[in-house]
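Structures for review follow.
You will see chain A twice below: alongside chain B first, and alongside chain C after that.
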Partner chain A sequence: MSTRTATEERAVVIGLEVHVQLETDTKIFCGCSTEPAPDEEPNTRTCPVCLGLPGALPVLNEGAVEAAVKIGKALEADIPERTTFHRKNYYYPDLPKNFQITQYDAPICADGELEVAVEDSRRTIGITRAHLEEDPGSLQHAGGSIDTADHTLVDYNRAGTPLVEIVTEPDFRSPAETRAFLAKLEEVLEYLGVFDATRDGSLRVDANVSLVPGEAVADDGSVPEDALAEANRTEVKNISSHKGAEKALAYEVTRQRNALRRGRAVDQETRHWDESRGITVSMRSKEAEKDYRYFREADLPPLEVSDWRESIPIPELPDARRERFRAEYGLDAESADKLTSRKAVADFYEDVADRFDPDLAATWVADNLLGELNYRDMAITDVADRLEEFARLIELVDAGELTTKNAEEVVLRGMLDDGDDPDTIVEREGLGTADTGEVEAAVADAIDDNPEAVADYHDGDEGAINFLVGQVMQRTGGSADPGEVNALLRERLDE
Partner chain B sequence: MADVNAFITEETIEGADDGPLAGTTVAVKDNISTAGVETTCGSRMLEGYVPPYDATVVTRLADAGATIVGKANMDEFGMGTTTETSHFGPTRNPVDPDRVPGGSSGGSAAAVAAGEADVALGTDTGGSVRCPAAFCGVVGIKPTYGLVSRYGLIAYANSLEQVGPIAGTVEEAAALLDVIAGPDPHDATTREAGADANYAAAADGDVEGMTVGVVPELFEGAHEGVVETVEAALSDLEAQGAETVEVSLPSVEHAVQAYYVIATSEASSNLARFDGVRYGHSAGHDGNWNETFAETRSEGFGEEVKRRILLGTYALSAGYHEKYYAKAQDARAWVRSDFDDAFADVDVIASPTMPVLPFELGEGIDDPMTMYLADANTTPVNLANLPAISVPAGTAEGLPVGLQLIGPKFGEETIVRAASAVEE
Partner chain C sequence: MSDSPDERSEAAADAADTVDAAEAADATDVDVEDVDHVAGLARVDLEAAEREAFPEQFAEILEYFETLDEVPEFDREAELVNVMRPDEVREGLTQSEALRNAAETEDGYFRGPRVS
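Right after this comes the complex of A and B.
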């Protein structure tokens, strides 16, 4: 039994290459827009440069470099004195020049890290490098997959979109860690304003996965180079989200584990994540690995970036904001987490917390609003143009003009389901807080109509008061404040 | 004069009504993009290719009032020293139609020498402006790398090449340089330096007090008649008040090897885009695309282009990159520093442009090594990103001989001045 476990116990080692589409106005080497026009025709958002016409030359978009420097700062990476571009040579129809302009031995960022919370522990993932490159065009295989298509069409509208490729150290020990890392990375990129998660294909992930003998893992969790070199590695491509990463890698780890358990070797190969089938499929073996013949791109002079680190500011990042929210607004860890994971949420919370009671605002944004949005499979970005309406709702509650119950169950839900603004709903449903006369009348009626409950109360049954509060709430259509009703009832009953 | 086949396409492109080149006719080498006018690079691969945009130098010609009269013949993709590798047939030398005009800008130089254009644009990657200028008895300038925009120039070796003027006189060539020089937002390698220079005005023949460096290494093995003619021209400069001193450039014996490794490496990548998908020759679109690409390229490219693409692919390949490409870059750095050292002591450096007299048609085309070695004096200039001019120095055996004057970076005014004294 013990020998069996020893041979089967394998540690998971995963490293990621994350391609991030940068939010710039224009492409990385020409003036074409990066924003697809509605219903645009293929090959219309192009020019001689991004079509690779003979004689056309690339000119670097400094906006893309700035975005990469921001990412480098957020990842606590080194920004070199100067950065250079190389050509990666290979033939593929989506590549207009049959080479890709990328970076090789002098990338814009090197040697960074990102701290991630995984369940209850915090992990620091090493960032080997991050470099700029151009996106190829896109291929449409008409009538099936690449193997079965009748013909293939090429669209260069996407060609030249700026990408940053972030390469991590093989620091992940489970698929769940990659998911947490990617979610955190998206958070940070969004905070930096360099990334739009809602854009199709804005995040593309390749993962290197291997299993090493458990005893090879050092006490600090690191895996020595030689153990890594000995284990066969697969590269899993075509992952497009943090959720997809966890699924794809869980599948791949199980596949490798099963192979080893059955005494078969894991092939060193590239595998394709087929999201719809939930499996990875072999693409080509590593033996056929291409020789990209990298060499300097002479059309782009080296870029001196030594002082860019100082001159390009970055905003407060999620971790720092989380700590500040706790200190400044007295939030607990869970609320602070919920309120800072997306920049739009944090911005909205900060706005309402400064105007109204921060505790009330926290409950309303973190629990009520996000909860109702989540229930409807929506995100804050889907209601980005209605934030002032939600602020008004919080204002009504904060001012005592609307009960929490009505605000949540009637107004908020109505706002989300029917698209009305809060004042319209309050008016239509007659939900203004009941006036004192109305509440007093209801209290008197409740006492008169429920002599048994009154008797129970006098006998010391505390449950009876809750029953009576419910009776009053019913009579006022929920528009009274339960606390006030409770106090008023006791007053009358104790007279 | 019999037709020398100077042009691939004869079509007139009118420029602005006024400007410094109003009334001047220009031949433009056929690797420089002209919107709406076929641009072939002398290759079957681009036969029928009509660019949708103008090269920056073409825009500048038009703005200056020049009239483009045609697209000049050239070695295929600039790969040659004789203009015999053109898919559209060889150009003949107007001085002696049985001889080659030099290359690769042979059509440009021949058009000027034959009077078919007043001036011409060529391109110079390893001597392709200066060689045909020397062989046809006209003036050619290879500008400092970064002085003239390459936007729209169909690349052969992009770290080495520049567009350069060819004309009957130094002053005309300099005036053409004035029009095309200067920074271009479409070419990130262009520089501000030299933008406010006046090259035509520098053609004043005043070499009083100028120091001319003479490099023995660049005379070694040259044709005797060439050496005599060039030495006579240097004596004439001395008579006009210039001083000649000997300078050594020990690195230049490696220049041709380094040049061919770097140029072919870059070419293997620059010419990768010709796959038949977007423009130019296509072998069809059926079947596996790797096979279709290969078929397109084996049909579209000529022998010399294929040879250089294969050499360059090899030099960049894993396992050979360090041995060839990296070594060639080291040699390039050495050539640069040799020139830097030399220019601490001299104003210009003189040599024969070509160590040989114009070849007879067909003489060398089957022997690439002879052709490559003929570039010994011109390639060091491209490796060092320097400016150089070839000016007629006289004749030997009745054939033109060119004197090459090399300047420091952005020293075009100095080489124009010295060359204008040679003319007198």
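Right after this comes the complex of A and C.
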């Protein structure tokens, strides 16, 4: 029993390598566009540089460097005095040059951190480094699967797209922590305006996973290097989302645990996450580090941009904004969370909260708008050009010109389903709040038509007033305010 | 790829070893295993005769590099730094221009042998 327990008590150690596609207009070393045209043909966004034609010279995209500096700043990393590019040599047709331009021993960002909330605790994940590199092209294994295809089709439209690879310390102690980290990282990158999560393949993750004896973990949760070196680790590739990371790593941790429990060793190897089957599979071993024969890219002079850290501004980041929203607008934690996880939502909320009642604005943006968007599988970015229309809807409610019920059930839904603006819907459906004369007339009618309810009310039956309110609402087509109707009815009946 | 400092210093040490070996200028320092390894990295299949001939040829090539040691030192020109271009789209090649030198194409793609 005791030995069995000992072998089962193993701590999970995970480190991540996150490839992030930067939102620049052009590729990292040439002026080709990074924006795929709708239904574009292969090899229509290329030039001599990204095709690796002889004599073509790469020139670094300033926008990519700015984006990397912003990321470094947001991750509280250093931007070293001097940073350089290297060639990573490998022979595979996704890169036409037979090498990838990347960074090696002098990356643009070093030594950062990112704080993440995992359930109720906060964890600080160390960032070892972040470096710039070019994305390869895309391959199609034609006429079968990767193993059975008889030839390969190559498209270099994606080749040269700027990437930043962010490498973490082995600080994760569970798959759930990696998911929380990646979600937070996406949030931060989106705030910086350097990343578009909706773009296909914009986030790609490799994870190093090992299990160490539970007693090797120090009191502060850190794992000493010798314990890490002793445990065999696997590198899991092909993870493409934060949800995928949690699934892939949960699978891999269980696989390693089962192997150890059965007295087998974990092979040090690279494994491929097969999303559709929900398993990791062993990949044939590829080159070792030294086989990449890294050497300095002589066509790219060094960068000295450490002073950009000061000169390039970055926006307020999600954590800071969440705290400010709570303090400034008196929001509860949940609303502040919902309203700050996407920058577009936070910007919109702030705009309407400054113009109308902040509580009303919070309910409308966090609950009604996001709820209805979510129900339709839409995001705020899908209605980015219509935000003024939603602000107008909130204005109508705030000014009492539209009842909450009609605003929610008729106008908001109509806006999302039919694409109409709020004033058009209000007019078409006759939803404008009833004016005082109309309400008074309806109250008088309701009293005249329902002598029994009136008598019940005078006998002290409180239910009767609700019946009468209902009658008035019916007569005004739901456009009256129930509270006001109630007060007006009592006034008339008590006269 | 993660580049742990350990792996990096190891790679640097290996590189230094290679230089030392070349400096020894002993043709027998390149053996058939080295040739096979390099051929594997380059995805090249060698004929038996080539495997036998290449160690000596490799060693000869490495010897040429020693000549560089005899080049006298000179003052380097000031090194360029921060050469960048603005993030502005420039016209590239059309699909047919891009594919013009390709040995084989298919539906706008470069076509190559099966890879794994």
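Everything below uses one rule, namely that the second predicted complex is superposed on the first by the 433 of 495 C-alpha atoms of A that agree within 3 Å, B and C clash if a C-alpha of one lies under 4 Å from a C-alpha of the other, contacts with A are read in each partner's own complex, and residues count from 1 in each chain.
Here is the rule we go by: a residue touches a chain if its C-beta (ideal position, glycine included) is under 8 Å from a C-beta of that chain, and two chains touch if they have at least 3 such contacts.
Just so you know, these numbers come straight off a predicted model, no measurement behind them.
Visitor: Kindly say whether there is room for both chain B and chain C on chain A in the superposition, answering fit or clash.
Guide: Here chain B and chain C cannot both sit on chain A without a clash.
Visitor: Examine A:Asp200 and indicate which partner it touches, taking first as chain B and second as chain C; both and neither are also allowed.
Guide: The answer is neither, since A:Asp200 touches no partner chain.
Visitor: Report for A:Glu462: first if it touches chain B alone, second if chain C alone, otherwise both or neither.
Guide: After superposing on A, A:Glu462 lies clear of both chain B and chain C.
Visitor: In the overlaid three-chain picture, which partner chain does A:Ala298 touch, first (chain B) or second (chain C), both, or neither?
Guide: In the superposed model, A:Ala298 contacts chain B only, not chain C.
Visitor: Look at A:Leu60 in the shared chain and tell me whether it touches chain B only, chain C only, both, or neither; answer first, second, both or neither.
Guide: In the superposition, A:Leu60 contacts both chain B and chain C.
Visitor: Does chain B (first) or chain C (second) touch A:Gly52, or do both, or does neither?
Guide: In the superposition, A:Gly52 contacts chain B only.
Visitor: When the two structures are overlaid on chain A, which partner does A:Tyr91 contact: first (chain B), second (chain C), both, or neither?
Guide: It touches chain B and chain C both.
Visitor: Please work out whether A:Phe99 is in contact with chain B alone, chain C alone, both, or neither, and reply first, second, both or neither.
Guide: first
Visitor: If you stack the two complexes on chain A, which partner ends up touching A:Asp219: first (chain B), second (chain C), both, or neither?
Guide: neither
Visitor: Quick check on the superposed pair: does A:Asp377 touch chain B, chain C, both, or neither? Answer first, second, both or neither.
Guide: The answer is neither, since A:Asp377 touches no partner chain.
Visitor: Report the partner of chain A that touches more of its residues: chain B or chain C.
Guide: After superposition, C is the partner touching more of chain A.
Visitor: What residues on chain A does chain C touch that chain B touches too?
Guide: 48, 51, 53, 59-60, 89, 91, 93, 151-152, 154, 291, 300-301
Visitor: Could you please specify the touching residues of chain A with respect to chain B in the complex?
Guide: Within the complex, chain A touches chain B at residues 48, 51-60, 87, 89, 91, 93, 96-99, 151-152, 154, 291, 293, 295-296, 298-301.
Visitor: Could you please specify the touching residues of chain C with respect to chain A in the complex?
Guide: 1-3, 7-8, 10-11, 14-15, 41-43, 79-95, 98-99, 101, 106-116
Visitor: So in the complex, the part of chain B that touches chain A is made up of which residues?
Guide: It comes out as residues 31-33, 39, 41, 46, 49, 51-53, 55, 150-155, 158-159, 185-189, 265-266, 268-269, 272-275, 277-279, 285, 289-290, 293, 313, 316-318, 321, 325.
Visitor: Mind listing the chain A positions that touch chain C in their complex?
Guide: So the residues of chain A touching chain C come out as 15, 17, 24-26, 30-33, 41-48, 50-51, 53, 59-65, 88-93, 104-105, 128, 139-142, 146-147, 149-156, 167, 208, 284, 287, 289-292, 294, 300-305.
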